[in-house]
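Look at the two complexes coming up: subunit A is in both, with subunit B in one and subunit C in the other.
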Partner chain A sequence: MTLGRRRTIFGYALLAPAIVFVGVLIAYPLVLSLQLSVTPGRFASLRSSEGGFSFEHYVTVLGSPETWASLLRTGIYVAGTVIPAFAIGLAVALLLREAFPGRRWLRTAILLPWAVPGVAASAVFLWMFDASFGVVNQILFHLGLISTPIAWYSSADTAMFGVIVPTAWKLFPFFAMILLAALQTIPQDLYEAARVDGAGRYQQFAHVTWPGVRGAAFTALIIASLGVYREFDFIFPLTRGGPNNATTTMAIAIYQEAFQFSNLGFAAALGIVSIAIAAVFVLIAGRDLRKV
Partner chain B sequence: MTTKGIAARSVAIGISVAALTTGLLSGCSSGSGGGDGKVVLEFPNFQASEAPFSVWWEEFVAAFEEKYPDVTVDMSDAQNSDRYQETLLTRFAAGDPPEIVQQTTTNFFQLAGAGYLADVGDLVPDSWGPLQSTYEWDGKTVGVMTLASGLVLYYNEQLLNDAGVDVPTTPEELVAASQAIYDPQNGIYGFAGVSAPQDPKLYNESAMFVVGSGGQWFDGDTPNFDSPEVAKGLEFYKEALATAPPGLQFTQRNELFQSGKAGFMVENANFMGAIQQQAPADVKPNLKPARVPFPTEPGLASVALSIPDGLDDATLQAARDFVSLAVSPEWQKRYAELIGAPAPDPDSTADLLTENPYMKLFVELQGEAVSILPTGPEVRKDFPIYRKEIFDSLVGITSGAVSIPDALADLQASTEAQLGS
Partner chain C sequence: MSVSVRGRKASVSAVRVVVSLLIALAAIFPIYWMLITAIRPSSQLLSPQLALFPDGSATLEGFIGLFTQNPALTWLANSTLITLGSTVLSTVISVFAGYSLSRFGGRGQQVMGLTLLMSRMLPGSLLVIPLYVVFLNLGLVNNLFALVIINTAFIVPFTTWMLKAFFDGIPREIEEAAFVDGAGLFRTLWTIILPLSGPGIAAAVTYAAVLAWADFLFARTLLTNQAVWPVTQGIASFMGDYRTAWNEIMALGVVSIVPMILLFLATERFLVSSLTAGAVKG
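Coming up: the complex of A and B.
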């Protein structure tokens, strides 16, 4: 055996434990999901010796209007959450970059929403948006914006807004921290040069700040969008996907099909389609990211 | 050490780790044979920490193991029954169900429809109550009910006296009395009903009013949402629920009533035991049970034991012995003594009728109970889907977003389309 071949074997041997663990933790569940998704029948079995092979679940998933409705709701939920969370996060990052008393304390405090478990935050927002006793309705009453209480989580018209708000609240610190880190890498010389050239605040932001954080911002947007895309912690405790499916995103639909309707094969197929959509998104977004 | 030696050792380590991982994973699956040759019955139990049921189960399992020394019962606390049903579903799909299956009605119809449950019809005593029919599927009996009750109206005598109303005997009187008691400024409510749009119990409580009013969501496999009884039941339900605090969840509902802040609540007979254990001493004497004020007595078989299909002979026999002992008169009687409510076998309560002042009422209600669950095979097969549709409509109705006639018309049209009626 040549030395080069021995080194190759040696390298793979060192990698073997990692490959085994990755295989067990990532590939095995994925293979099982794939297997479930192509096992015919409603109550698909994970036992490989049973079932047979069929694409019937994929045909049903792709042909169901509810799949596309769930995808549309997911898009609204992702965009409705990520865009305001990003805007707030950017504003907070710009604020926290400035020197002022208590800045260190505030930088720590701003992270708190991100550290709160989604289910715990949901309980708080459930009360804040409560129709009779919630502080949100009370404020709107006092401002004269409403005359009758709004049942935020009971109406299909307002439920999506009611789940977007807590999700954005939890997400904005993530953007703030990523963008703050990026902002701190921009040399002050660039701002001084821009000011010497007569650039105003907007021009400084457009030509110095944004180019400096753009790469980090795109990366954070992709990561956050994927996180919100599969979000479950807020929607399920707040609305369970209702009323009338108004907040049934892909993640909720998969859960409902699997554990409420016992439709495991369909749920697995929906999960695979969901992963494929996320993969396409990452590929497209990644291509744009490489251009940044 | 040479490169060759290092490579050989690394390969060996890699293979060992892979083998160890595989071994650990395979060790995770349960087996029915113990290391000492005993048959092991795995039994996840969501009542294992819920007194007084937990006391009965501990006593029963100890007695079973004493009677059958070659069998060990591995009883574990499955805690939340809803979450456990999800675990159970996955375990059946993976071909690794526990040997003793305790289940609610959440997934029962799906597990039965998939042929995952063994026929235990010969283990059900003839004296068993009428709600046992819930667990019949395709000509077989695939579950033995262990918790079944006619629903009971619980009332707070003090609040009724303060409001100058009597114990209601009709739905109209229940609504009127709830409204008379309702005083939210002082934290007093009329009917303690689940009003949180996230709580699945909303379905059961509305079904109770519908069945109580003589209706059913489905007549066999035919949608029945356009019947006057269903509409009437929902009207009563909505009016009664208007006297409950908004956003009330199941556990909060129980606490509200037990703390003496609500006039009425409807629950099964076992709730009397919870009142005795948990209500404050100054409130407890005021909390009393009565017949629900409906023409029809609604009821529910809510927990059952099943045995998975396909067990080996020794394990199957042990599992059947387990169920058989659980339904024996001796243990049914002990159940009624501990729980303070009728066991599924009504004969078991004969000695307790004089000891427990409410037992006679509870036994009567259990015997009269009409199940709030559907009976049509096609509807039962897709029950979770229909339940969700009804639940969504209920959220709209209780929030005032949709009128009852509109919601029922939509439900009738959509279920007719699905069932091809």
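Coming up: the complex of A and C.
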């Protein structure tokens, strides 16, 4: 056997375990979900082989106002989380790029939330935002900003805010890490050249810093948005999608339909629709990414 | 003039330090609050008074209640088994796959990139439906092994990509020299490449462990028996359960984040560079 051939076989052999795992545990369930979504009946099941074929679940999903309401809530949850998390992450990266005493400790402290499990973060925020004994209401009361306690998670007006805060808290270090490293790739000469040309701080940011991190920033924004889009670990333990569906995003709706209402066909169709929406988002964002 | 420039510079860096401190405070506060609540006696928990600092009444009552009245040790052990299993398995698989894509990659690379993006688009709450049915038929519901392989499958696309980017940074000449000396393909990977890959592997291990330890969706769906729950499912079961005092819930929160924080402290310096290498190129 030639070396070239041996190399090819070796290359595929190394790749094989990854393909098997992803194929069996991600691609195959995806195919089963597709199958489920076109199996007619209220109690469509993977075990009934007679099945049949129908788009009725898609008709129900697309015709239901709740689908579009949950899509809108998902959009609010994603934008409400990702935009502030990105802004804070960028600020952190810019603040920490230059050396000052204690920077290493500050950096570690700031990045720490990334390592905290979503459910643990949810638990402490549920306690901090507790209506009667939570520290957030106590501080607001102490500062004279409120006179009656706010029932953060049991009021439909504030519940979305209440799930966004812990999600953004865990997410912003991700942006900070990506942007910190991207900043390190910008050559110092560029700043010196800009200063020689008389550029101020904002011009330096606009013409040197931002172009240097733009690619990494957009990739991170897309990856993070997709992550928040399907996020489960904050909303489910905090509100189960309530009160009155106020925090039911598509990811939560899929789970509730399947595991609470045993509406598997509908849940699968809703899931496939949500993937299609994410794909459209990625295509549009990818196109804009090349333009910017 | 030089004095005023230096003065402005000093004030700018003072602003920098103050703003950094404020953000660090916001980042740390929930973790601090978890700890403070965990060591507060239950008699002081349900008080409308603002008390930002612990006083002399600090107690281990919350931890004692947590471990004596709940199977918290079992939950921690289950989380540890799931995390160790998924981390070892996913790291081995993605070292192989990342190396393959870096050195032997043709079309495989594009497929892997697409898979990474795809796996990010797929809602776990959708895939867990057929996974539940399949594992039920296989008799693997309430089995920790099921969690190990599911977590591995969802970790592998990302860590493979991270490691591929890391291996791309190792010059090929190093391997070619080894080939000339007659070393085989696998031997080259094992004795030449791996010893150079510490930082990349450390980052991949951290990422894998953080994900596996944090998993709640798959655990909640596939582990219905309390004896096999991981710590995340334990915490979620406490939330909204009025029989459990907040100092016990926060004590479980504290013990659930300590291992991840220690891991993070040990590998943080590798994370920034490795995470980015993948993201920038991805």
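The criterion applied here is as follows: the second predicted complex is superposed on the first by the 266 of 292 C-alpha atoms of A that agree within 3 Å, B and C clash if a C-alpha of one lies under 4 Å from a C-alpha of the other, contacts with A are read in each partner's own complex, and residues count from 1 in each chain.
Going forward, a residue touches a chain if its C-beta (ideal position, glycine included) is under 8 Å from a C-beta of that chain, and two chains touch if they have at least 3 such contacts.
Note that the structure is predicted; figures quoted are calculated from it, not measured.
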Requested in this report: Pick one for A:181: touches subunit B only (first), subunit C only (second), both, or neither.
Outcome: second
**Report entry** First (subunit B), second (subunit C), both or neither touched by A:244
**Finding:** first
**Report entry** Touched partner set for A:155, first subunit B, second subunit C, both or neither
**Finding:** first
Report task. Go through the superposed model and pick first if A:262 touches only subunit B, second if only subunit C, both, or neither. Result -> first
Query raised in the report: Between subunit B and subunit C, which makes contact with more of the residues in subunit A?
Result: C
Report task. Using the touch definition from the top, say if A:280 reaches subunit B (first), subunit C (second), both or neither. Result -> neither
Query raised in the report: When the two structures are overlaid on chain A, which partner does A:145 contact: first (subunit B), second (subunit C), both, or neither?
Result: neither
Query raised in the report: Now for A:21: first (subunit B), second (subunit C), both, or neither, which partner does it touch?
Result: both
Requested in this report: May I ask you to decide whether A:62 touches subunit B, subunit C, both, or neither, giving the answer as first, second, both or neither?
Outcome: neither
Query raised in the report: In the superposed arrangement, does A:83 touch subunit B (first), subunit C (second), both or neither?
Result: neither
Query raised in the report: Which residues would you name on subunit A as touching subunit B in one complex and subunit C in the other?
Result: 6-7, 10, 14-15, 17, 21, 24, 36, 45-47, 126-127, 132-133, 237-238, 258-259, 264
**Report entry** Partner subunit A, residues of subunit C touching it in the complex
**Finding:** 13, 16-17, 19-21, 23-24, 26-28, 30-31, 33-34, 37, 45-50, 52, 92-94, 96-97, 99-101, 103-105, 108, 112, 115, 117-131, 133-134, 137, 149-150, 152-154, 156-157, 160, 185-186, 210, 213-214, 216-217, 220-221, 231-233, 235-236, 238-240, 246, 249-250, 252-253, 256-257, 260-261, 263-265, 268, 271-273, 275-277, 279-280, 282
Report summary line: In the complex, the residues of subunit A that touch subunit C are 6-8, 10-12, 14-15, 17-19, 21-22, 24-26, 28-30, 32-33, 36, 45-47, 88, 91-92, 95-96, 98, 100, 102-103, 106-128, 132-133, 135, 138-139, 141-142, 166, 169, 172-173, 177-178, 180-182, 185, 215-216, 219-220, 223, 226-227, 229-230, 232-233, 236-238, 250-252, 254-255, 258-259, 264, 267-268, 271-272, 274-275, 278-279, 282
Query raised in the report: In the complex of these two chains, what residues of subunit A are touching subunit B?
Result: 1, 3, 6-7, 9-10, 13-17, 20-21, 24, 36, 42-47, 126-127, 130-133, 151, 153-156, 237-240, 242-245, 256, 258-262, 264
Report summary line: subunit B residues touching subunit A in their complex are 3-4, 6-7, 10-11, 13-15, 17-18, 21, 25, 85-86, 89, 93-95, 107, 110-111, 113-114, 116, 197-198, 200, 245-247, 382, 384-385, 388, 391-392, 395-396, 398-401
